[in-house]
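Can you read through this structure? Questions will come right after.
Letters A, B, C, D, E and F name the chains as they come in the text, with residue numbers starting at 1 for each one.
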């Protein structure tokens, strides 16, 4: 792969990342650029340009899977904030996001569900989406 | 809560569980009944009657979240087989299931994605759905 | 389940939660109430009214199991603080709590044991229980 | 530490291990002896002689913590079988063991609780303790 | 990226994978090819051609990191067998592999270290490398 | 084991710990000393005097394994900072550390790799090692 191809893949990935994760995602890539430029590159060039952009699953569905994974992994509250933002950006409602995290209580237990829900709350507060009403 | 109410919740949960998870889910509840009847009860009466049946997220979406969680947790291959079956039952295609597990490679790494994909393969094989073609 | 029954289960759960977890637990439920009222409800109505209050295991024993789980899960330091408080409330001594977390070093490794012990230290400091002497 | 001291600590640990874990634990140490004699040594000489035998927590209480940790870790079904045996050996009843694993449903989710309960069922079946009745 | 480039990256990755993981790794890719051809592709084209082959860390060092990760993740015994084979292929001795897994006891606890060591034992048995002597 | 032997093992472990982990490690032991003096003791007397100091794997190699484990465990950012410091102390370069964490992206996913890389960045910033250039 030559340098032009490499650059093109990165740029294409950053477009997808910006559209989905917004500024929160761009800040992660920027924060990595002076410590691990290759990790920053691969998040965009592989994670977004090659995986995320595949049409087999629409972005809204990918965010449901992602919310489930990040909640289950634990210790990923910063990434959850990025992806709760992304979930809103691709059309999930606060009620659906919160419901996915309630669903997580049954599969990952209350502590993981609570941590994820409080991460979502921080994002909703920033975007003026509180309170979330049930039903 | 009186005994009738308790029984009614269990029965309602088993209906939801049977519709979604099918026989694979019923076998889990049956296997638990002589060792932890209360766990068997709560899976149906709470997990399915109270959580799964909530309309805030449709079953198809819940299965996307669940596939993400079970893949991330690791060591849940038997549960993944139940829920890959469930995912097919509620309308996800083999391509979408496999794509959700490919997406997991980026968030949980290859080993978790491989284990989950091989669990899906066992279900697809039983249901005559192999090979799965990409795209 | 009608609204009265639902309310009654929540109230009963909150009584158990308040007796065991004290203010630290009530703050978690309050923090969730404007983002996921259903999660707040289920922690009390299911977690405490249906599971925690079962007489098959006394609260002191449940807290030993819980300390083990939260230490092993990792990334649950806020929940550990709640449950170290709870452990003291139901009769475990600081020495026993610290010993359970030392025991965790053998099963979960030093990093998890250290994180949990430092969470316990924060609770002991607030309650004037430092230093904890061995033996 | 000279060789005699090292041997003495191992022997002392094996006595504790044999009393608590029984044959199931001895088989693990034996299985390790031709691949990692030092790991086999440390399980006995450190895990049992130095940690497990400390009087600050009685064996029954240590098994409650251990059941919680192994359930939360996941992927530890062989170790769970050893420790469900150990739990019975140190005085926990099948009902209490099963209750600890039901409690785990609330903190680790149903999949981990199911896997652990089915591991307990295999031990109970071998020891003629099925069915376990609730309450 | 055109089809030729895509194919070239896959082929290059398979060469690296075959050299490092040997037949055990090739079997994983083959097993995935009829259920998730894209996952099979990305393991080779990304995991091996883009990440593994980078010269910043030699294969022997990558295997030390990998053994640590797979042991810590848990539930990855099949992958551990592949990577214990790989570790031998790139120049780590059985003593060094076993020592890395003993080291894991201190950071991940005995259960994870035992599971990983028994996976290593299965590989050593196949390759006629038992017993492993300490020191 | 008499008190002199116990003290001698602790002192020997603290020497190893100080040489490898430096002040960051000594601060952890000090922070534990008034809440769990036995955990503080065992980290030095067992973790460092008995395990870490074994010659079967040199410190540099142990740190590669350790970075892999802490990244995979998740929720161990404070321990990662200690061990990134240790990795530098035993001769790994910033490029090699960052590469090990990039490698982790393939086995543990991007979120764990990002969290670990940002922990490394904090250490590099303190030690004046930023930016890290690729290649």
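We take it that contacts are C-beta pairs under 8 Å (C-beta built on N, C-alpha and C of every residue); 3 or more make two chains touch, one makes a residue touch a chain.
All figures in this text were calculated on a predicted structure; none of them were measured in a lab.
S.K.: Any chance you could name the chains that touch subunit C and subunit F both?
M.R.: A, B, D, E
S.K.: When you check each chain against subunit A and subunit B, which touch both of them?
M.R.: C, D, E, F
S.K.: If you tally the C-beta contacts, which comes out ahead, B-F or E-F?
M.R.: E-F
S.K.: For subunit C, which other chain has the most distant CA centre?
M.R.: Farthest chain from subunit C, going by C-alpha centroids: E.
S.K.: Where subunit D and subunit E touch, do the two copies share over half of their residue numbers, giving same, or under half, giving different?
M.R.: Both copies, subunit D as well as subunit E, present different residues to each other, with under half of the numbers appearing on both sides.
S.K.: Could you please state the distance in Å, as a whole number, between where the Cα atoms of subunit A are centred and where those of subunit D are centred?
M.R.: Computed from C-alpha means, the inter-chain centre distance equals 39 Å.
S.K.: How many angstrom lie between the CA centroids of subunit A and subunit C, rounded to a whole number?
M.R.: Taking the mean C-alpha position of each chain, the two centres sit 30 Å apart.
S.K.: Averaging over Cα atoms per chain, report the distance between subunit C and subunit D in Å.
M.R.: Their C-alpha centroids are separated by 23 Å.
S.K.: What positions in subunit E touch 2 or more of the other chains?
M.R.: Within subunit E, the residues that touch at least two other chains are 38, 42, 46-47, 51, 54, 69-70, 73-76, 99, 102, 104-112, 134.
S.K.: Could you pull out which subunit F residues touch subunit D in their complex?
M.R.: Residues of subunit F touching subunit D: 1, 5, 9, 38, 42, 46, 50-51, 54.
S.K.: Where on subunit D is subunit B touching in the complex?
M.R.: 74-76, 98-99, 101-102, 105, 109-115, 117-118, 120-121, 124, 130-134
S.K.: Mind pulling up the subunit C residues that touch subunit D in the complex?
M.R.: 46-47, 51-52, 54, 56-57, 61-62, 64-73, 95-96, 98-100, 102-108, 134-135
S.K.: Give the list of subunit E residues in touch with subunit B in this complex.
M.R.: So the residues of subunit E touching subunit B come out as 28, 31-32, 34-39, 42-43, 47, 69-70, 73-76, 78-79.
S.K.: Which residues of subunit E touch subunit C once you look at their complex with the stated criterion?
M.R.: 104-112
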